[in-house]
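Letters A, B, C and D mark the chains as written, and numbering starts fresh at 1 in each.
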């Protein structure tokens, strides 16, 4: 009888496998995977490829100049960053933006969330080797960018929200165009369901991959869809309402499982919620002023202000200390991707197989430029 | 809502709390360096299970660093900030890694950007910057514009 | 799953393609797009507000035909439009022109003559 | 060895080069976001024969998309050195040229052409996809006209 070759185990030395920075599925992130055979023992992250020192740069600039600077923090979701900064300055000065300005901000921020999630569908599909999903999602993305362009005058970086409101109102016919795009996207969501979310390949690769329970997730600093996917019902938009969010009727999408697939479905649900929110807010749009222009160069009194908003990735906080001039003394940006990539990702890949690493990474939806700042 | 937390904090730690600002849904207070860890541990047990942020402000004129812990409670829906002042000459403070595992990376960032030592943190190696030889960049006495002029524009 | 489902892709053959045949067709330009600036030489008073508000210090005030005008280094510009917004005499305006690519780095500096369209 | 090489006409050689610009898959932040329409079906770069490849050894074009930090600049140089010649470098956005938005940042490189030679500058913050296309067409025309790269 032949000797059973499978009886003896293969000997693997512990080895280091680099992940990134030049890798199709890593973004601009570098990590070393310490592997025992196929299994990842430890992940050592080396971030900093996109570090620009935003918090230092902002100390030298006027508030209105900082508004142009902050949307570069996260390329995929610039509106949330602008919203956070505009609001923290308003909070420090003690003046609120006009009602219409708040509505415009909220509508654009929700469109930004849809934009970010659709980009993420493309990236996730790319990481899972589902090329048609990538092409279609990144093609649809153009439609929302076109809306941004019409409303704000900038494609990716709108430079649109300033302390005191927004820089201009919606142009004529924007509402009809926006509703048309939303209808189109709603139709496309069915396609994404068939193509990505209910696809057997995606399901098998994401289910029971990268699981954490609610206690671990909270201790590691998870926020946003990643946290809601393990059953904790927290949403800054609902719990600490800002701008026009009290006017909109929405629910935070939660799941129980806490695995990669639950995170994906959470984001899928958020797209639908955002679409309905934009529709409601476009209907309720009030009349009036859009901006208090003096606030852009106003001096904030000595003290500090802390403001949190919900970006597409999770809790985005701005903490500003002011010394009585029209420049901040210190700004701290708490980006959601910072803890997602640097404390949750190393925890989740421990014990996973190498092939699952890109799937776990993109199921967390990190943004490397938000992480490094 | 935050009243009840701040009043019970006051009765538990009467000696070390100064400057409480308490609003409807958030509060902030300044704690003494000796007892802040017990206070954070008490807050964690009473529902503040999310450490949003550890950050630092360099008050160069007062020769002090202020380390700020931003907390959030998923159950109470409350936000809190605990501020601790430490001297600028020997900046060192106890680590809170054993309370929140996510604090590790925040403390590592603050160590790199401000040069604060967090006693008890297992890994404080440089995070973002490679081959950095100047003083930590987020300190107020580091002038980014002068550094850039010297390094990149040949001192123009 | 029904047996006809895979054949539903056939309908995409008759749809308008998503792709834009770029060099031959283009999307119609948005009127208020923030592209490069133009300068009205008559209206400009040379006050220097644009140079002060620019977050990138891309604007420099230079002498041209005996008067003071801004010179913009488009390689530093971030196209935020603050210079046009804060211009007191509305001399500096943003246009929708965004086709700015070059082989030579020096072409990125737009002096008053280039900004006003007097020189190519 | 020299005789083994296929002897093409210069014209057809340049034509072939221009229609198969393979891009190394090293995309960093700001510029990458405006390359997404080109990768996706909105503008579809494969119509121009442009393909994103994983290995620098297969690539002809390095796209420096946006700001480069000191840490990333070493890797950019490494990738550039690994690419076989002829190779071309495209710089997207204002940041590689002058530092752009981050002109006073302690962490970014201000002039990337001191490290790798740049052929095409595409300005914008980030550049519009049309502008990226304009740059690509410009580069293709130059290569057809006999531009050898580095």
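Following the convention adopted for this analysis, a contact is a pair of C-beta atoms (placed from the backbone, for glycine too) under 8 Å apart; a residue touches a chain by one contact, two chains touch by 3 or more.
Given the structure is predicted, the values throughout are model-derived calculations rather than measurements.
Interface comparison, A-C against A-D: more C-beta pairs in contact at A-D. Taking each chain's centre as the mean of its C-alpha atoms, chain A lies 28 Å from chain D.
Averaged C-alpha coordinates give centres for chain A and chain B that are 24 Å from one another. Centre-to-centre separation between chain C and chain D, using Cα means, comes to 22 Å. Residue positions of chain C touching 2 or more other chains, listed in rising order: 18-19, 27, 55, 78-79.
Looking at chain D, residues 41-42, 44, 71, 99, 101, 103-107, 125, 128 sit in touch with two or more other chains. In chain B, the positions touching at least two other chains are 128-130, 137, 142, 144-145. Shown here, the protein chains touch in an arrangement that is not a line, ring, star or fully connected set. Under the touch rule stated earlier, the contacting chain pairs are A-B, A-C, A-D, B-D, C-D.
Against chain C, in their complex, chain A makes its touches with residues 61-62, 64-65, 68-69, 136, 139, 146, 149-150, 153-154, 157, 159, 167-168, 171.
The residues of chain C lying in touch with chain D in their complex are 18-23, 26-27, 55-57, 73-79, 98-103, 105, 108. Taken together, the chain A residues at the contact with chain B in this complex read 47-48, 51, 53, 55-57, 60, 215-216, 218-221, 223, 232-234, 239-240, 306, 308, 315, 317, 319, 321, 329-330, 332, 334, 338-339, 342-343, 347, 372. Note for the complex: chain D touches chain C at residues 41-44, 47, 94, 97-101, 103, 113, 118-125, 127-131, 133-135, 137-138, 142.
On the chain B side of its complex with chain A, the touching residues are 25-26, 28, 49-53, 55, 57-58, 68, 70, 72, 74, 77, 79, 81, 100-102, 104-106, 109, 113, 127-130, 137-138, 142, 144-145.
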